[in-house]
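Have a look at this one before I ask anything.
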Amino acid sequence: MTLSKQVALVSMGYSGFSTVTPQLSFKEMMFEAANMAYAQVGIDPRAEVDSFICCEEDLLEGISITDEYMPDQLGGAQRALCTISQDGLNGVVQGYMQITSGIADLVVVESHVKFSNVLSKRDVHSLAMDPYLERPFLDDGIPLAALEMRRYMHENGVSEESVAEVVVKNKRNGLKNPRSSYSARLTLDEVMRSEELWSPLRRSYVAQPADACVVAVLASYAKARSITDYPIWIEGVGWFSESSWIGLRDFSRALYAEGASKMAYKMAKIDNPSKAFDFVEIDDSIAFKELQHLEALGIYPQGKAAEATLKGETKEDGSMPVNPSGGSLSLGNLAETTGLARLLEAFETLKKKDYSKALVQSWRGIPTSTATVVVLGV
Amino acid sequence: MGRLDAGWHGCNNGEVKRLKFAGTPISPEEWRNESVFFKKEEFDLKYAWDTGYAIAKFLEGLKAGKILGVKCNRCERILVPPRMFCEKCFRKVDEWVTLRDTGTVNTFSVSYVNNDASRREKPLVVAVIEIHGASPGMGILHVLGEVEPSRVRVGMQVKAVWKPENERVGAITDIAYFKPIEVM
Amino acid sequence: MTLFRHRMLETGKEMAFEAARMALDSAGLERKDVDAVVLGSAPDAFDGFHMKGEQLLDGAGGFRKPYTRVFVGGGTGVFVPIAAWWHVASGLADIVLAVGEEKMSPLQPHPQYAFWTIFDQFLERPLGVTLLWIFALEMRRYMHVYNVSEEDIALVAVKNKANALDHPAAQLPARITVEDVLKSEPICAPVKRLDVSPTSDGAAAVVLASEELARKLTDTPVWITGVGWNVDTTYWTNRDLCYPEYLEKAARMAYKMAHITNPRKEIDFAEVYDPFDYKELHHMEGLLLAGKGEAPKLTREGVTQRDGDLPINPSGGLLGVGNPIAAAGVMKVAEVFWQLRGEAGKRQVKKPVNRGLAQAWGDLMQVGTVVIMER
């Protein structure tokens, strides 16, 4: 067993992935997703799972102390369960550490979101801002994305066309993804004529909310070998936060993604990220972010992602497929579930095609500067 | 293995460095007199939770004047409040069961405060009531009425007092309260 | 740690900073030495923040670092060091800063109100449920099943508040009598005012290091030899509240790791979660430090006093020091640390100690988190 094969992703389950899910409560959604994941590898959570990690934020649930309502539907009643207030991909990192620390062999990571149930989305999001210095100006955070987009474009000489091209590409990629709620066949022109929310941010550049639940099962080397013939190895993990103070950030680059990727690449022994991956699933919840993240992750040099996108390199059949799933722009903004949703896409894609290595990156969304990165290998 | 090293003392020199405990307490008077700088904001966060299948059916049952439970054939427990799956066996439950609307008080309390810590005008008796017809220990939370707080006992038999049919909406409050059953 | 008080001027970020800074200073470390930061803080509803963890990260030392917030309700305070433990034990980090922070005072008219939102939105909130109900219901059940009197329970409040007189950061230290407790204002019978710990603002932090570094940084490292955590089913009305099964499971997980087979003999002292006085007894039993229904007897006999055979809550606990939820748990871990190093000053327990336990509890009578530390 080498260092890169200590922990495997052995199965994943999901439910929802639509704009509304009235037929299922969040508990029932979790039950469905968990069952799917457990059935794939034939495990009984009551007897075999050592730890459960749930990734949610109270205010998106409308419940305080969300972990109270997590155990039963995952098979976690009277088991070692916890909640982290972080993206689902970070849950995978915590699970990775639990396994390599020796305290667990089988870990379940879950995250869900029911945006359709959050009527006061705007108010909830505005509560993430500093009340004195930020909230009076930044509303629900969208203006912040606009400010950042302008600075990023200015410093790197990025045209609006390249940002719009991200939308065209991802929405088209999503057309064949049954989990996509917002895919479409759009022209560049149509995207750029979309309503301007806060210049230069247009409505078409922002991923719209959806409901979903995703469950991942992680296993130690020995356990993985005993329950599946197709483990996907987690070869590197990294996570990083910049600052909650908006004024302290460098808008020209996604330092948080850079920091997270450095840690993961070191672990996975990746020297040249631009050549290492067959495809990448990275955050595009705001279209320009895909470009910014590509550069921060070292897939393209600083300022070059826009050009590559316009040339078609990041298309599904291009030299560097980026977000072949359709990304958040197609799947919908899934809050803390986003990272796990992308992991699900990467997991399935790695198994379907003759690929060997993928990168998954998540960003916690406005107004945060926090990212998690996972390197997967077959 | 990890190690803890926090607070109080210096490391290798063993010298006692008494560190100051930071913090500036604000007295209730300072708060009331607004002598410190603060900002008041009010938020009304609205949510519309999908009840899902199990709770929806339970609430429909309440509207019809019935307390419903579910049965798991593997552990043979009858569960209330009903749920789509048995958490012990981790499998879907098998059937719905109509339970009685009487129960046994498992534990109770007399509340003198509201949930914002203000004093209540009249004390409220709350209890966990094991519903008859369900497995032992299957309780629900509710309030007791038509009883002197000092006379409530663990083990007391109680019966649901339903709101009139036209006032029932499909909520836990369709049962106004539980009252003691006369001793035969 | 900071002072624990009902309301403090400092923001959550500032309190987290003070505690984190103090922890780093005492270890002789700088922020650049820290590989990762873990923060714990209970419901966002108190502070009126969404994604509270992100807001607090700078104060906790997480600026440009790997940072995560963990959250298991009241169990968070002892869970933060557990999460920090697996950061180190996994080999991914050598030095981890674990911070517990809580700012309950912002919520108007009273922090208590936030607890309404922890209850089931369909079956419980419409009844106007308050957090106190659930404690009162559990207290009554415990008293009924094991025939425990309110006087027995009051002894815990008397002990802990007196112990807190020697804790420099304490919020409500006091010399009270059993009679004072029994006569105090009934809130939710059988719970009375002096049975309950206060709501508070405060922060506390600890630094964890890998074995190699620990030996370089200090002559007296305190080792974490056992961790355990467990969450019971959401349906608390379906459980017999007289005994915390989930805590026993969490404790067994930790005892197994620490190779402890007879906790009553092998644990020298413990910081047990006491948001209410009866909880100390309840938890002692769940931790297998006393037989079922036996904890009141041990308390009556003075076994749990500082000069007793099994000192419980020599710090003064939540009842005496205060209850800024996540910070309170870290405070308990810090107390076990200080006791094991003989640095607890006037609070130092009489018997020599080698192994201590810190425990927290939370949610709807659901979570048990346990850490075992030894010299």
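Each chain gets a letter, A, B and C, in the order it is written, and its residues are counted from 1.
The working rule: a residue touches a chain if its C-beta (ideal position, glycine included) is under 8 Å from a C-beta of that chain, and two chains touch if they have at least 3 such contacts.
Quantities reported herein were computed from a predicted structural model and do not represent experimental measurements.
More C-beta pairs touch across the B-C interface than across any other pair of chains. Centrality annotation: C (chain centre taken as mean Cα position, compared with the mean over all protein Cα atoms).
Taking each chain's centre as the mean of its C-alpha atoms, chain A lies 35 Å from chain B. Distance from the chain A centre to the chain C centre is 33 Å, each centre being the mean of its Cα atoms.
Centre-to-centre, using mean CA coordinates, chain B is 22 Å away from chain C. The set of chain C residues touching two or more other chains comprises 48, 85, 89, 115, 121, 233-235. Touching of two or more other chains is recorded for residues 59, 62, 71-72, 77, 124, 127, 131 of chain A. Of all residues in chain B, those touching 2 or more other chains are 41, 43, 47, 49, 51, 55, 83, 87, listed in ascending order.
The touching residues of chain A, when paired with chain C in their complex, are 57-60, 62-72, 76-86, 90, 93-94, 96-103, 124-125, 127-128, 130-131, 237-245, 248, 255, 259-260, 263, 364, 367-368, 370.
Put simply, chain B touches chain A in their complex at residues 39, 41, 43-55, 83-85, 87-90. Put simply, chain A touches chain B in their complex at residues 21-28, 31, 44-46, 59, 62, 71-73, 75, 77, 114, 116-120, 123-124, 127, 131-132. Across the complex, chain B is touched by residues 1-10, 15, 18-19, 22-23, 25-28, 48, 81, 84-85, 88-89, 96, 108-110, 112-113, 115-116, 121-124, 126-133, 136-141, 144, 168-169, 185-191, 201-202, 204-211, 214, 217-219, 221-225, 233-235, 237-241, 333-334, 337-338, 341, 343, 373 of chain C. Across the complex, chain C meets chain A through its residues 13, 42-45, 48-58, 62-73, 79, 83, 85-87, 89-92, 114-115, 117-118, 120-121, 227-235, 245-246, 249-250, 253, 257, 362-364, 366-367.
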